[in-house]
Amino acid sequence: MRILVVNPNTTATMTATIAAAARSVAAPGTEIVVATSRMGPASIEGYYDEALSVPGLLAEIADGERSGAAAAIIACFDDTGLDAARCMASIPVVGICEAALATAGFLAQRICVVTTLERSRVPIEHLVRRYGMGDRARVRAASVPVLALEDPESGALDKLRRQIEHALDDDHAEAIVLGCAGMADLAAALSRDYGVPVVDGVAAAVKQAEALVSLRLATSKRGTYAPPLAKSYAGMMEAFAPVDATPRLA
Amino acid sequence: MRILVVNPNTTATMTATIAAAARSVAAPGTEIVVATSRMGPASIEGYYDEALSVPGLLAEIADGERSGAAAAIIACFDDTGLDAARCMASIPVVGICEAALATAGFLAQRICVVTTLERSRVPIEHLVRRYGMGDRARVRAASVPVLALEDPESGALDKLRRQIEHALDDDHAEAIVLGCAGMADLAAALSRDYGVPVVDGVAAAVKQAEALVSLRLATSKRGTYAPPLAKSYAGMMEAFAPVDATPRLA
Amino acid sequence: MRILVVNPNTTATMTATIAAAARSVAAPGTEIVVATSRMGPASIEGYYDEALSVPGLLAEIADGERSGAAAAIIACFDDTGLDAARCMASIPVVGICEAALATAGFLAQRICVVTTLERSRVPIEHLVRRYGMGDRARVRAASVPVLALEDPESGALDKLRRQIEHALDDDHAEAIVLGCAGMADLAAALSRDYGVPVVDGVAAAVKQAEALVSLRLATSKRGTYAPPLAKSYAGMMEAFAPVDATPRLA
Amino acid sequence: MRILVVNPNTTATMTATIAAAARSVAAPGTEIVVATSRMGPASIEGYYDEALSVPGLLAEIADGERSGAAAAIIACFDDTGLDAARCMASIPVVGICEAALATAGFLAQRICVVTTLERSRVPIEHLVRRYGMGDRARVRAASVPVLALEDPESGALDKLRRQIEHALDDDHAEAIVLGCAGMADLAAALSRDYGVPVVDGVAAAVKQAEALVSLRLATSKRGTYAPPLAKSYAGMMEAFAPVDATPRLA
Amino acid sequence: MRILVVNPNTTATMTATIAAAARSVAAPGTEIVVATSRMGPASIEGYYDEALSVPGLLAEIADGERSGAAAAIIACFDDTGLDAARCMASIPVVGICEAALATAGFLAQRICVVTTLERSRVPIEHLVRRYGMGDRARVRAASVPVLALEDPESGALDKLRRQIEHALDDDHAEAIVLGCAGMADLAAALSRDYGVPVVDGVAAAVKQAEALVSLRLATSKRGTYAPPLAKSYAGMMEAFAPVDATPRLA
Amino acid sequence: MRILVVNPNTTATMTATIAAAARSVAAPGTEIVVATSRMGPASIEGYYDEALSVPGLLAEIADGERSGAAAAIIACFDDTGLDAARCMASIPVVGICEAALATAGFLAQRICVVTTLERSRVPIEHLVRRYGMGDRARVRAASVPVLALEDPESGALDKLRRQIEHALDDDHAEAIVLGCAGMADLAAALSRDYGVPVVDGVAAAVKQAEALVSLRLATSKRGTYAPPLAKSYAGMMEAFAPVDATPRLA
């Protein structure tokens, strides 16, 4: 079983962190293939970056499906482009936010998502509500830019720890969700230090993708995620135009 | 006061309908400028089309702001790219779904949105909930492709009327919202025929844009809609990279 | 286009503040007519005052409609009597709370309403939820009586500023809504000082009323806002009795 | 223990039905005193009638409290003026809608309220949501004017029965709430006929009022229901002006 | 009228407190019969204890019904086993949490439940939401084990008072609900000290049980609370097997 | 990795169906151990059966944990005893309803749960809301007793199919969830026949349990699911008393 993990942030070093996290939990028969998007922002911080990362992300997923991936994972905690990818692809597509929240939901009642920047808080709160965790999960921002997570000198980890401590002490959080793909390597140590489950979305999504493939389940093509209709796509987007009922990407 | 109305569907005939609706309600001092996006699907039907229409849409809004528009309107009922546009632009940006729902909210308690295809129903239901109308507004799909609205032979109007009748009789709707920019020319006649307010989002958005400009109010740049941070944007998206704190588009 | 603004607080000096705010944003062709209710409390603070201000308010709106007003505005942030007025009147009626929240909703995700007294907090929270902003807007009370807003020596402005600062710092508010008609003159200065949109409901309502009239839209008379039925009204209320399907007020 | 039941509909024959229902369930030591409001509409049908019935209703409750009532009941299913009455009175005040819903909540999971006219449906739905029963209770209107309930020839009972049957068969209702004080005499027979609990709000409110008095509990005077502040009340409303911290009505 | 109050905590001294609270508010014609469950934990603290207390509780309610009780009360604030008891019994069954919340709802808009241990907070929050008070009631835990409430040296009362003070000052609570049957003797004194209604669920439930019996209303046997079907019950549970459509317990 | 699947229905033939479904999707390294509860009803139909099945279920999970199971699954769609089991056990515990809903949530927007009897509908609707799917998932009952699913002559499958057809045609469902462990063998055929994902909770729960174990995540022991406190347990329940902070079952 080949699972594609796409990093829609166009920063290859970040993809390495994601790949390691994915591989560390993959089942014996699972091959993890990672791809860094070739179009879009170096890091996804807020709605503008998110929107501009989608075409590059969709191209990687289409490539992956053609190359035989059994499922795809979008490794950005905003679940960027997830709905569009589900319309386009025949294989299951999993977002790391929804995977992390679903996983944490099996482990605890009160959950705190700790993310990077304040500007990402409302977008993630919208996801939390859409995934039905509005009563259980709260979002905190550590004021850490995404790429600072890669720099041990940045003080990012300390800021993250401070928010986790507030979540445990002030919000009565029972489990922590790491709100950025770039935090994927921190879950185990933080869980040990704080004595509560700390969920990384990349690892969680790998298990959900494996689960869906094992269960022989794929995205419903009835209603919301029906394949895109054949039509012309103007300008640089022509490459993305589905030319028949089975969508195809150049 | 110049107001830019962008049609993110790349179909110029549809833009003509939108322009007429916008101009018919504009205040004496308002200049309506319309733009058809040059990148993306001919019609926006579902999440895939929506995602791929965003870059082209953002380019038009950036152009418009540089050319002196005081506000921008996104003329697609999915409010495609609205959050991203609000991050990018300094001028207010209004979506036609949010404008139509807000307007209908001043007129009636129970509202029914009649849209085109079944695949657009869940995306619009998400907007309805996000805009806080989940208890008041219901969404019906007329099984009419967007571009069929331009063809009087297509039977589209009859299908639309049938859903309005169901809304009034079965859902106790007190006002109707037309759930597609391509329906902008139908509001007056339908309102007359059915004796209830029928709200077109394009016209509603023009008045909201005028209102915001008159009130000297613009998008908050604190938190969610803070300007994009300076960073590199890979591939064809480089043009969209903000190069400093004041976002700028090539 | 003549727009009637009714102050249901029976304090004429407060009406002057309201009138100035309304006129400062009215479109060139709009005539603002103001009326101070002649029955009811000097200031509306809590549910008791609100209930007793309604008959006087309705009388002014009925008068205004007979005199040719194209729309009416209720200038009390509790949206006092709004549903009753919509049943009675043929012209559109706009409340300043709903207008302010709808306007702020186009500008920011997290909103804070700053109102006068603690006793007004729950009534406004009910409106916030009813208008679908329960997830986005929070209400703070500045412990300022309504009429203290007219007295520069009262310290009211300082208390108001302190709550705005808490809203920005503690609640991550991105926009402020002024929760009392008597604050209508403060919006511009507060917005300049704090660098976020500050929305005054009186000004917002003027633009919404102009919008509805321009769009040729009026309250739906189907269902909730059907005209009152002809029946006898006992005691001093007889004056309010609708005598036929077209309601009429003495 | 004396309990005042106020009929805010100014129709004395309706008060007789209400009085009989109240007395039939009162505890041995309870004296039921009934009052028909002397100001306002003959029947309360929709928001306009509701608003105009409040001053007369408040006057009766103030009279009742002065005459030694231990609690007051508002016998209109819209819970007309309930919040205002709670601010004004020192004694507990109970609405028949909230009493009926609370009572039905002890008996069944799915509840259907059957009310009179379509125009009352949305007001009652707002109460249902405000009282936290939005997930459990549905509202149906029988197209029966309030006073038709007094006329055995009107066919009102048949229409009511038809809606109860729809509620049981189509909505899986497990209990019925009668959504008008004028239906108070029908509960026992309908319950027998349909084999499910049928709750009348007047009777339910008597038991709630007795309960609050027995428990020595009264409305909290902290926050929302703080006593009205001393201030001038203009026009015919002067009679309602509280002249000191302990509100007093002429 | 005989009302059975079951203490599902198997601690007889706690039952004495409960009995006194129940008797102090019972109507003249009401006989209060108390029972301490003979199976299950000494005190119910969290979901595990709750689950294990249910069989013993059901046995007491079945016994009580056979002995002529007209209604039953479950005297644990988790409303332990309430749904199961309603299926089994023909007589009405009332939980002290639902009774307390319904009662407080007639008295105040913002409510705070003060319970014992942190582990009980989420279970009670689930009840608060299920009973529709999610917007009005907040839950605080005083870090007091249930049985410490019986020990004047334990400092429990001080901890409880501290949470009440936080509720009033920080949460703007207008009424307090005591979140444990073992606090039943404290309501009057705390209400006097803090000047707000303090509701004890045991007393509240007695009045609700009396009310339902007076109103001749019992649990709907349609749908959710239909009597258990006849079937075999394995192991020690055989005693609980209903042997025909009218459930019967050995 | 050993995963325990407990059937809390005390019917061994039903356990066989469950075991086959679990084994058909287990990963190569997973050993599925099944247990039929030895205490409680033959089939769980409604709240009464549910409550009485919990002690037997807990005993099996405690046994399983002592025997080295790495995770436990509760194979009843009511997620019977799930919260109690999570308090008691150190290993992760998964309910089949929560697993099925989480899985379906990755595949479709509108979901329909088809369950057995009408009396199970409200309990499952409560779970749907608690798991945050209230806006996405609807529950239908096929009027099929649990054990009739084992009898091909019972017509159960036809009734089930009819509800699936209603869900697809009338509710616009995009995926189906089978709402009873006894339907575990039907998913593949129904999915093939109707062309939408059909999710069986037993299979889904196996994958979730494997995922949690692989991720080295277990139930948070902070707050809601803290281990039961040491205390005496009266009567037949003594066996369940935790005697120290690490809960232990005889």
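Letters A, B, C, D, E and F mark the chains as written, and numbering starts fresh at 1 in each.
Keep in mind that, in the parts below, a contact is a pair of C-beta atoms (placed from the backbone, for glycine too) under 8 Å apart; a residue touches a chain by one contact, two chains touch by 3 or more.
What you are looking at is a predicted structure, and each value in this text was computed from that prediction instead of being measured.
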Each chain counted as touching subunit D and subunit E at once: C, F
Neighbouring chains common to subunit A and subunit F, by label: B, E
Identify which chain pair among B-F, B-D or A-F reproduces the interface of D-E, meaning that over half of its contact pairs, matched by residue number, are the same. A-F
Just the number, please: Cα centre separation of subunit B and subunit E in whole Å. 52
What's the distance between the Cα centroids of subunit A and subunit E, rounded to whole Å? 44
When the centre of a chain is set as the mean of its C-alpha atoms, what distance in Å lies between subunit C and subunit D? 28
So which stretches of subunit D touch two or more other chains? 109-110, 118, 121-122, 134-135, 172, 223-225
Complete list of chain pairs which touch one another: A-B, A-C, A-E, A-F, B-C, B-D, B-F, C-D, C-E, D-E, D-F, E-F
Subunit F touches which residues of subunit E in the complex? 10, 37-43, 45-52, 54-56, 58, 81, 83-84, 86-88, 118-119, 121-123, 126, 130, 145, 223-226, 228-229, 231-237, 240-242, 247
Quick check on the complex: what are the subunit E residues that touch subunit A? 118, 121-122, 129, 134
Flag every residue of subunit D that touches subunit E in the complex, lowest number first. 25, 27-29, 92, 94, 98-99, 102-103, 105-110, 131-136, 168, 172, 174-175, 188, 191, 195-197, 199, 203-204, 207-208, 210-212, 214-225
Sort out for me which residues of subunit D touch subunit F in the complex. 109-110, 135, 172
